[in-house]
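Several structures are given next for inspection.
Next come two complexes, and both contain chain A; in the first it sits with chain B, in the second with chain C.
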Partner chain A sequence: MLFFLTDLLTLGCINAIMVVSLNVQYGFAGILNVSQYMYVAIGAYVAGVTTMGRPTVPGNTWAPGWTLPWYLGLVLAGVVASGLGVVIFLFTVRRLRMDYLAIVTVASAYIIWNLIDTNYGLFNGDTGIFGVPYITGNANLSTEQYSGVVLAVAAVILGLFVWVSRRIFRSPYGRVLRGIREDEVITTAFGRTSWRAQLWVFVIGCFMAGVGGGLLIFYITAWSPAAWLPIESFALFSALVIGGSGNYWGAVFGGFLVLEGILELVRFLPSFGDPAAAGAFRLLLVGVLLIAILRYRPEGVIPERWLRWYGAPARRLWGRLRPGVSQ
Partner chain B sequence: MADGDVILDVRGVGHAYGGFWAVRECSFDVPRGSVTGLIGPNGAGKSTLVEMLSRSLEVHAGSIVYDGMEMQRWGPERAARHGVARTFQTARVLRRTPVIENVLIGAQGQIGEQPWKAIFRRRAWAGQEEALRREARELLDWLGLRDHVDAPAGSLSGGQRRLMEIARALMARPKLILLDEPTAGVFPEMSRLIAQRVREVAADGVTILLVAHNMDFLETVADEVVCMAQGHVVARGTLDAVRTNEEVISAYLGHGSSGARRRAPEGV
Partner chain C sequence: MSEFTHAVGFGLVTASILALAAVAVNLQVGVTNFINFAYGDFLTFGAYVAWVVSSRGFNFFLAVLLGGVATGLLGVAANAFIFRPFMRRGVRTTTLLIAGIGLSFITEQGITLIWGANPLRFNGVSLGTAMTVGPFVLTPGALLMMGSALSLLLLLHVLLSRTKFGKSLRATSENVDLAQACGINCERVISVTWFLAGILTAVAGVGLSLQENNLNPVLGFNELFIIFGAVILGGLGRPYGAMLGALVVGLITEIAGAYVDAAYKTSIAFGIVIILLLFRPQGVLRSAGKTF
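Then we have the complex of A and B:
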């Protein structure tokens, strides 16, 4: 039972990191990036191959096979993911808007997926990489204990990313991004070059996604193309929309509830018929939830609005409390 | 206003939609610190011209010299950075965003817009942000929007949105403001306030070019008017002089108007 809980929380934290990373791109800046899970995957691969050394089982190849400490692996995962992000950004986001952008980002994810799936030199093709050591090194830990360790690390990183999101949201930079999201004509008429402003938030989002992927591989110790079918990006999007796009707490909520909660909920269903039905049922449930949310609560469970006027009520109250000042 | 000091010189400018030249061979200049009205019947090309001057629309012919620089190839961002601020023909606001945040979009050169500083060096921009917020509040107060500072801009009425757009333009500390129909759909009380504020802004040395149909409004604000018809400038001068100009009258009434009907139509 304890393992069930820590496992749930650990994966929840990691998923929340991914949704938070999507939130800074789509929620804050309106960049319709439907390939976010690709950056997660790149992060996972990079974190794996830079920390686990060369393959020991014959017939497997991956590069570069370094044995860096796990935290450097995580940073590298973020850096490589954001580097790829810059390249893709300059080809796509800079030139395209909305639906076209969505199409091209999906296409980019399929291209990269196929490249990795069929090339064995880099990340061992469709077999994938495996045997990533625990971040605790050789200390003899049970799975429960290790789960707790990763949970602690993931929680700290999630907290850091939420803090970064909050800083962006409450800064003039966040304001300009929201302006671009809502009406680019206005921000352009007032001197802002959209793509320049969006580039950095895109890179930050890719970095977060890469780190999320790194954490995931340190936890599950293996990674292969089957784990990151481009369709997974839509799950991230569903989570963000249901949780509340634009609100970082909404993103955290979406990561825990949609990606983790529903999956675990399905586990308690009595098994019936085909064992694959549970997985299908999960997707079905997400779909139904998505439709219900879009119909009855289009801003998500925790709408952005709740953050927007954080200052106003507090200021009014303060004005009332201070003697001699009316507002 | 220094004599002969021109901030904007429009030289034979043209723009074609498909094969149709909405603005063609259009030339006039705008003295620094003046309020110039742009009038003309519907379809005369006034808004097309304003779009070109704000650099949102391509200039297909001629050149525009702004403050000594040829600006016809600039993008709108560059024009804004050089001190051209504008409002839109139909007011554009971020509906779900509080009014004050909308107005702050206008402010140029914000340190906190640099991503790194925004996230990691709050102290570098907090002071500027505080000052800008204060300035925005004062502007909104001055334009009679004191009670709406924290309300979402979507809750403002049409007239209030126009006032908010003016506040946003002023936040940019511009040299030239382009107002596209600032009084369209605004009730008289409020358009009087807008007229008064426009005069006060001009008195501070800011040049204003505005498109307007309301002659009472123009009478109070404009030093000079430029009348356009079918993409050309047909007359230019004080409002009274332009009103009695034959070409202007025929532009408004059509070419077949008889001598007996040769007076300005109601409101012109």
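Then we have the complex of A and C:
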């Protein structure tokens, strides 16, 4: 029972990290990136191959097979994911309108998926990488204890990322991003180069996604192309829209409820013993929920809060300056 | 050389299937002005309905027809219950796109729940043994597929250019407000367009599953962005452009697949889509002011 709870919370935290990473891109800046799970996958691969050493089972290949400590693996996962993000951004996001961007991100994610699936030198092709050691370095740990350890790490990182999101959201930079999201032309007219502002938030989002992927592979200890089919990105996107895009708590809520909660809920329905049917029913529910939310509460369960820039001090100042009111 | 002509032959078959799908997307985008992300799953749905009917022992052509009608009705229902309420509220295109993602989940997972995730096959339907047709090596089934695709497209051409409905469809596609002002019932035209697109879609779905000799819940989803590529290549709102786009994409993927590696066929198609969108988003034939 305790394991069920820690497992749920750990996966919930990791999912929330992914949705938070998408939120800074789509929620804050309106970048319609429908391939976020690719960055998660790249992060997972990088974190795996840089910490687990060379393959011991014959017939498997992956590179470079370093044995770095896990935290360096996580950082590298984020760095490589954001590096890929920069390349993709400069080629696509910078040049395309948002609806075309959705198509191009899906198509480029598919090409990268296809390349990794068929080339065995880098990430062991369609077999994938497996046998990632526990981050504690102690293999005697039980699954229950290990999930507790990862939960602690994931919760701290989630907290950090939520704090970073909050800083971005409340900063003048966040305001520029919202401006671009709402009306790119006007923001450009005010002298902001929209792609330059979007580049940073895109890179930060990719970094977070890569770290989330790294945590995921440290927890489930294996990764393969079957784990990151294009539909996963669609699920992430749905989770964000249902939770409340633009609000970091909405993103966290989406990660926990939509990605993890519905999965567990479906597991308890008696008629879905077949795991494939349970998975299908989960995504079906996500689809129904997504359309219902868009229809009846388009701002999401936890909507974006508008910051009141004219707070108390500003109002006092305005009262003093208002013409016709004598002091 | 023979390898090349074989690839061209396969490319023509792929192109005829793609053309049906691309024209269907084009008709729907023309009148509604947004792309339907669930479109690939409609394709799968049509193929599954046809499979159900034909596996009950009914005539194969009847099965395809019924699959078409069912997919058409699915399109009409999707329009009436999901997309039209959004469009009436005047939401952003992004919202319609996301609603399409939701619908795609519902359709695809619904198919998985009803018919299972295991791949199926059309029993008793075979494309026949390959024979030499001019420079190409094709099966009689593939020839029949190309023939029916061509005749369907021809029928559509007659419908678009010679009937009153075709005229009102073209008018709606050009400018909804103006068409409405001229007394055209645009909502009805849009519904009928979804239905027509559904029929073409289902035929394309059956063709695709016969060609791949495989019917699974992600059949259409995997093809979705290739279809979009053909549509964009031909220019939005131009059904004839979509046919040309399908021809180009079909030929390039099959020829490249023959020389590079069959595993990269889809990637090559996606590469074309990306390059096109980056450098010529308005399509090779310029469309009449139409964008997604």
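Following the convention adopted for this analysis, the second predicted complex is superposed on the first by the 300 of 327 C-alpha atoms of A that agree within 3 Å, B and C clash if a C-alpha of one lies under 4 Å from a C-alpha of the other, contacts with A are read in each partner's own complex, and residues count from 1 in each chain.
Note that a contact is a pair of C-beta atoms (placed from the backbone, for glycine too) under 8 Å apart; a residue touches a chain by one contact, two chains touch by 3 or more.
Bear in mind that the values here come from a model prediction, so they are computed numbers and not experimental data.
Judged by the touch definition given at the top, the superposed model places A:L257 against neither chain B nor chain C. In the superposed model, A:I302 makes contact with neither chain B nor chain C. In the superposition on chain A, contact of A:T188 is made with chain B only, not with chain C.
Of the two partner chains placed by the overlay, only chain C lies in contact with A:T92; chain B stays clear of it.
Here chain B and chain C are compared by how many residues of chain A each touches, and C touches more. When the two structures are aligned on the shared chain, A:R167 is found in touch with chain B, with no touch to chain C. Applying the stated contact rule after C-alpha superposition, one finds that A:A276 touches chain C and leaves chain B untouched.
Of the two partner chains placed by the overlay, only chain C lies in contact with A:Y110; chain B stays clear of it. In the superposition on chain A, A:A81 contacts neither chain B nor chain C. Within the complex formed with chain A, the residues of chain B that make contact are 54, 56, 75-78, 80-81, 85-86, 88, 92-98, 101, 104-106, 108, 110-115, 118-120, 122, 125, 129, 150, 168, 172. Residues of chain A that touch chain B in their complex: 164, 167-168, 171-176, 178-179, 182-183, 185-193, 197, 200-201, 204, 305, 308-309, 312.
In the complex of the two chains, the chain A residues touching chain C come out as 32, 34, 91-92, 95-100, 102-104, 106-108, 110-111, 114-115, 118, 230-231, 234, 237-238, 241, 276-277, 280-281, 283-284, 286-291, 294-295, 298. If you check the complex, the residues on chain C that touch chain A are 34-35, 82, 85-86, 91, 93-95, 97-99, 101-106, 108-110, 112-113, 116-117, 221, 225, 228, 261, 263-264, 266-267, 270-271, 273-274, 277-278, 281, 291-292.
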